[in-house]
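Next up: the structures, one after another.
Presented sequentially are two complexes of chain A, the first with chain B as partner and the second with chain C.
Up next, the complex of A and B:
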């Protein structure tokens, strides 16, 4: 992501964040536009947290522009197993993040632009922000058919979703962020956002799937840079400030003290998976073994990302009952995670009888259990 | 500052009339601590807020107040309660987060308006909560409710000058009632403590640390050492007030208030499995054997080979050499690469030398193995070891890597240990533990002292009639 350095200057955020005094950038009142130099989803989400927690937005609102390398971002109260194909994410090394705002799941890559509008809680107005974006797009290409729906989506040609919205309201501050599809890989998007996990029952916020389209497909001259610039221009006009985009480095502790801890917290298993509302997995799978196929029923309650209750219903004597109950007891309390389960079952295997046939069955059962995670 | 004083005094007058509403008005101009480069000027907002929430009813000690769900905005009348941050019986301070509610695509953090103790939650998770209706019941402690921000109420020994002194600094100390009580009992001024909690909140740990420093000091500690800002300074904002340099009197002895409690947790999952494994291991009849090895020449060899390996993208440690050496030994003594059945009646000699390497990861003590070392070169072993190590630190080791081991090496030397007594990992029958390589004086063949690289190796071997020397 190369930014046109002619338009942008990178300087200490400390200079910008003070309450403006006379003589200091006297034109900078009412608004501030910043852009992240990082493509790391956790660092960028941490910047949002930081601004929300620490900046005084009374006199000046903030627009934050950011893009991420491939990542799936779920809403605060969502269930990642329900929302996306975690196996595919692990395979393709796509990151999973949980944001602090509500709403549904989105796929980010460098062809997607993220915009965050920071205001005081009183001045929080999602519709106005989205209208600003539409106005910017229309100023750029008057023939574009884009409009805002009452669900806070932006639709292209009345049918394709090009932007989704979410918001976070705190005690005194609030932010509204939205995506904008410019040139995202739609194939990866649709495959990662399709969950293969069956039998999940939960009260987590579900996502509403939609047909999407890239602005790039509508008009190939619309690149991310062009769009970012147009939106910044419109924001600057409406807030009566310079069209000046300030770059910030989300890893810089001197400018954003405490930011690295925020980024670290967003990456912990406890936040990403552990914050999943309690859910139940009730499903079954078939095991083919030596000319027979058996049906195994599984029922698990998962709370805080850990297996709270586990029931495995195996046909009689396929595995010694002692062994089966050992597996169930060990899984209880363990993270609902295939890697954790691997470590657990391979350790348990050490104290299993050294019977090749028995061990094959054990391995088959465990592999299938891991597929549920 | 004068204007501030005027505003503050009028605020105080207003506060006398207001009983329920804790008025954090003018005195809540937060002192500009250097950690944040932004100025929080909430005074204007708070003052108007205060007027809106003005109440005149009298409050008795411990009155239960119904904290209603305030207006969310955007015409929203109902939300879903998604997470509670507190439970009944917890004490809260003003501005503590109470719960997270969701409306459409907005997630809203509801914070407490009062200091007090939560007495009732009106909704359970996933229930719909209504704006304007009670969310939680909070029991307010009236004695603390009237003047919450100033310490003068909680710390009687403080003189009037101190109180004024604090006011002039405009320092608002955030702390829960429990923490304030602790400070008061120990005659500590909250202004002297640096809070490490959110929003500079003073936590119990901060008081305890302060106390610990007090009792441990022989000389009055220098103010700079005592008060350390939690975050780096910024050049544009002035440093922490230097006038915090009071002479802190050093007491001879203080009763340390320690409120730690024993915590019992069930052993589950992986740890339980390891306990089972180790118990089984200790049942295998075995004996330990130690020796000291002179590795001077190996150290030299590795130095020569390290850059060659690096060119090929492989990090060469000592382990690949030991692993290969172990395999060569196992060729001579295959009984050590075997497995006993459950009743110790049959022994299976394993053909492959799958040598496990113990790794300490976040998940615990994990032992992936390098397969078929008997046909691998030192370089190939090093390469495979690198792969296992990166998978191990990412927590992504798979079943293949973690099963099928026939012999294990444990390297306690990596954490600096020189001696160790390892535990055999069933179904294997032997394990070798390597200590740290130390530089020690030894005699060579000519009787001269030279600098030798010595490592201790400790093995657990199965009991056999003719115990081999590895």
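Up next, the complex of A and C:
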């Protein structure tokens, strides 16, 4: 019944061996606190996968602490086109990641703390974990008005969301992870989490927008370090272990064999974009050319991130019909991706007569098509 | 009335054979529907005409809460027993689904795309997840029948 038991047996986290025997007591309250030395969202998500797949959580639960450099993280069954401003992400070099747990879209930067609570499936208790976090916050600052909602959010002053939650339930193990806003750039957060997309129809799980606030706005002495420490302290107390944080390097194959493959998989186009539930784009755009403005209607079905069906409705003869149908034919089956489309349209353009006017029109149409992706 | 026994049962609106003796005691006829069998991960499978229909149990759907999304495999996907074949999302938790048997996916329940709540409302009927071939019928014997599953649930609830 136990998956990959041989790997579980040979799990070695060399720094664990230095943890005093208290960490190895065979009580259910055993625990381990790990903190990542990396700020790369893919590496950190890979550590979660690794722990979930390989660690035996029966005797010892794990708390994983991590922070990421700017990244948008969407839930397992979400649509990135619907959830965030992809063009802005690409412009600002903000990474896009899809996690394996459910829930909605969040923005991470170094001012946000991520906490992952690993347990057996049976002992998976989100509410208890969040109450632990609230307890830690109140121990730091008793006046802080923080509480857990029944949606598993943590609210500050009854109105501002400071933490969101998601979970994954596997065969024998489960994890619950949540964010905690300490000093995140709220301006970037709100602009990247706003999608300008119109005309998208999908049954992907939607996010529920919320007003957010940073804990540091409430009290400037609440830095990430202070908060991480307080949460680790409370976890250690509740699990009757030493308040010792074990640092872990997510790139270290000797400690986490197979980790780099996991990180690679999380970065593939197939995972990030290709796992988007099937959706339909039904929209139009205006092209201003010389003295006229034309309306172009586009209808596309996208499945596994690829264009399954494509219809472009252009005014007659604005472009040679043969060229238009070639465009539609080439787009069909291709990734719903601006880079792939650039390659495709450049290739097609070479088959055209060297007519400046034609090329301008073609470029206008194709630029607009790419903006949809 | 002519026709075989299972046609008679169906005509009388009787599903499943557990009330009339175990499936294995009945003569082997392709049109028999086998009694529902359960895995310890709360999936069920019921085989008819060599095609298994897979879903999750009432215990599982209650524990999950309202299902908001069903992630199911493509038709033609080959699964081994215990393979992860998809996930159900409910209350921000993605819960993995494991194949009860080895076989190939022949059909997926399209109704779940627009109505994932069917898994909660009708987990044994309209909320079925996938249909698959049964590559190795002996694997079916390794699963729990309904009585054994009921006992199993009681034991884990304690």
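Here, the second predicted complex is superposed on the first by the 346 of 373 C-alpha atoms of A that agree within 3 Å, B and C clash if a C-alpha of one lies under 4 Å from a C-alpha of the other, contacts with A are read in each partner's own complex, and residues count from 1 in each chain.
As a working rule, a residue touches a chain if its C-beta (ideal position, glycine included) is under 8 Å from a C-beta of that chain, and two chains touch if they have at least 3 such contacts.
Keep in mind that what you see is a predicted model, and the values were worked out from it rather than measured.
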Clash or fit (per the criteria above) of chain B with chain C on chain A: clash
Comparing the two partners chain B and chain C, which touches a greater set of residues in chain A: B
Partner chain in contact with A:332 - chain B first, chain C second, else both or neither: first
Which of chain B and chain C A:349 touches, first, second, both or neither: first
Touching partner for A:233 - first (chain B), second (chain C), both, neither: neither
First, second, both or neither for A:166, with chain B first and chain C second: both
Touching partner for A:258 - first (chain B), second (chain C), both, neither: first
Which of chain B and chain C A:56 touches, first, second, both or neither: first
Intersection of the chain A residues that touch chain B with those that touch chain C: 75-77, 100-104, 122, 152, 165-171, 203, 205, 277
Complex interface listing, chain A residues touching chain C: 1, 3, 75-77, 100-104, 122, 152, 165-171, 203-205, 277-278
Sites on chain B touched by chain A in the complex: 35-42, 44-45, 72-74, 82-83, 95, 100, 102-109, 111, 125-126, 231-232, 234-237, 266, 268-270, 272-274, 276-277, 280, 339, 341-342, 348, 363-364, 366, 395-399, 402-403, 425-427
Residue ranges of chain C touching chain A (in the complex, touch as defined): 40-41, 68-69, 71, 82, 87, 89-96, 98, 113-114, 156
Residues of chain A that touch chain B when the two form their complex: 12-15, 17-19, 54-56, 58, 75-77, 90, 100-104, 121-122, 124, 126, 152, 165-172, 203, 205, 253-255, 257-258, 275, 277, 329-334, 339-340, 342-351, 353-354, 363, 366-367
